[in-house]
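Across the two complexes that follow, subunit A remains constant while its partner is subunit B and subsequently subunit C.
The block that comes next holds the complex of A and B.
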């Protein structure tokens, strides 16, 4: 831990980031076994594993400041306590075009977020963000490869338009113009954090099921 | 009397849990060893954050220190100080011998799709460079899958990171 405790707003932002990565990892993992072909089963499973690994490291950072542990933060909170953006909660399994649209939009937003955190005054966070950035390079390459493959596809283009307000909501308002410029889209009203989608209750129920089944067990 | 040399030697005997041909020291995940009397502090920097072998590595290292009669403290350092450039030449040789293509050198900007899609990675089986990217992702976070057009064999490529 740092000699000086990081400001609580920074800790809250890290917790929100962790929730994003955990829930997105969960949604990505829903493709395991049902992706369009075997390589993508492997790819989406690996991406999911990466996002959840990032979530764990971020939760550990928060736990180092607030006390408790990463698992408790990930699985013992009530649904309303999660701060993830509605974007990551959307259940898109079965819709490959929308999944690729979210993948591309999320990775673009996430790159802006991670690069900013690499400059953080909180040294552990800056170090962790730098490590995450290296790993995310592969997620970004995968997303851009698919966006290129599906470029011009009507379903993809429609999904990109539909999901754009959600993508903006990943970032702090001050970072949104950068995303809009990067993707060549106009800034619109964002779908903000603070509310949950209808499907989140079921996701939370499923995600915490094993942990709740034997309280206090060491896994 | 425990010395840093003895600790390094003990850690060099520990296989990577997922790629057992290479040791944790050859993998470059041991960043530092400090000995103070009976206390041994090991700085460990995992490969990938999502790597499920992290706990196994940490526990193996603690056990190895205990077997030397010392008290371990394994400090997990989560920053970007680990890169595949930390894999030793010996580690690279062992990877390749077991059919596992070692990572390419890391450039300042990191890997790009253009580089990875180039036919420039050497097949660990036949030595041909006529290999193509099959999948950026593989069975563990650290691996990609490539295919050798020459000997028609898929192989695993350690990701450059």
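The block that comes next holds the complex of A and C.
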């Protein structure tokens, strides 16, 4: 534990980050078994697991401050209590180009977020962010090799344009110009956190189903 | 494009064939090799090689066509011969 409790705004931001990683991991895992080819199926499923692992570590950090545990934070909250960005909620399974567009945009935004958290005054968070950054390096490499491979593909380019306002919404407003500069895009009005997409209720239902089936069980 | 992956389990050990995978270029092949053979710390290093770069040599060059079992050393006690040779040479 830190000598001094971290400010609640920082805890809230970590919870939002955890929700992003959990829900994105969940959405990405919907490709398991149906990715474009076997090798990619393994790779993308592994990335999905990686995101969920990050979510768990972030939830544990929050639980260390607020009490409770990671599973309770991940699965026992009502849908409206989740703080994830609508970007990660979009169900893109079946559309590989859009999935790669989101993957690339998210990883770019996430890099800015993680690098900033590595400088956090909350030592446990700074340490965790540094650990996450090492694994995200692989995620970023995977995203960039696909973006390169599909460069010029019409579906990909259209998805990048469509998803750009969502990507901006991953970050705090002050961090957005950096993302725009990094990706060479103009800053537009972001799709902000705080509302959920239509599909989120069904996702939440599915995601929490097993845990709700036997309340209080140790898994 | 098919790639062959060799993995080294521990430093200093020989690389051994792990398996093959399909990937459009070296970058993808490296990423997938890591996923398949390096994700659980089962390897300390990997070689990723395009299958086309491997020259396969087979019969008749690697297997006897005629009976030449005199080339083999089955049942031939090298130990004794070696000891005798060393004694002769004064190196035993």
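Note that in this section the second predicted complex is superposed on the first by the 219 of 219 C-alpha atoms of A that agree within 3 Å, B and C clash if a C-alpha of one lies under 4 Å from a C-alpha of the other, contacts with A are read in each partner's own complex, and residues count from 1 in each chain.
One rule holds in what follows: a contact is a pair of C-beta atoms (placed from the backbone, for glycine too) under 8 Å apart; a residue touches a chain by one contact, two chains touch by 3 or more.
Just so it is clear, the structure is predicted and the values come from calculations on it, not from any experiment.
Q: Just from the overlay, do subunit B and subunit C fit on subunit A, or is there a clash?
A: With subunit A as the common anchor, subunit B and subunit C collide in the superposed model.
Q: Touch test for A:130: subunit B only (first), subunit C only (second), both, or neither?
A: A:130 contacts subunit B only, not subunit C.
Q: So, A:56: does it touch subunit B (first), subunit C (second), both, or neither?
A: The first partner, subunit B, only.
Q: With both complexes overlaid on chain A, does A:149 touch subunit B (first), subunit C (second), both or neither?
A: Second partner only, subunit C.
Q: Touching A:43, do we find subunit B (first), subunit C (second), both, or neither?
A: In the superposed model, A:43 contacts both subunit B and subunit C.
Q: Does subunit B (first) or subunit C (second) touch A:178, or do both, or does neither?
A: Neither partner.
Q: Just checking: does A:187 make contact with subunit B only, subunit C only, both, or neither of them? Give me first, second, both or neither.
A: Neither partner.
Q: In the overlay, work out which of subunit B or subunit C sits against more residues of subunit A.
A: B
Q: Report for A:138: first if it touches subunit B alone, second if subunit C alone, otherwise both or neither.
A: In the superposition, A:138 touches subunit B and subunit C alike.
Q: Check subunit A for residues that touch subunit B in one structure and subunit C in the other, and list them.
A: 39, 42-43, 46, 138, 141-142, 145
Q: Which residues, counting only subunit A, touch subunit B once they are in their complex?
A: 39, 42-43, 45-47, 49-54, 56-57, 60, 124, 127-128, 130-135, 137-138, 141-142, 144-145
Q: Where on subunit A is subunit C touching in the complex?
A: So the residues of subunit A in touch with subunit C come to 37-40, 42-43, 46, 138, 141-142, 145, 148-149.
Q: Which residues, counting only subunit B, touch subunit A once they are in their complex?
A: 48-52, 77-80, 82-83, 110-113, 116, 134-141, 145, 159, 161
Q: Which residues of subunit C touch subunit A in their complex?
A: 21-25, 27-28, 31-32, 34-36, 39
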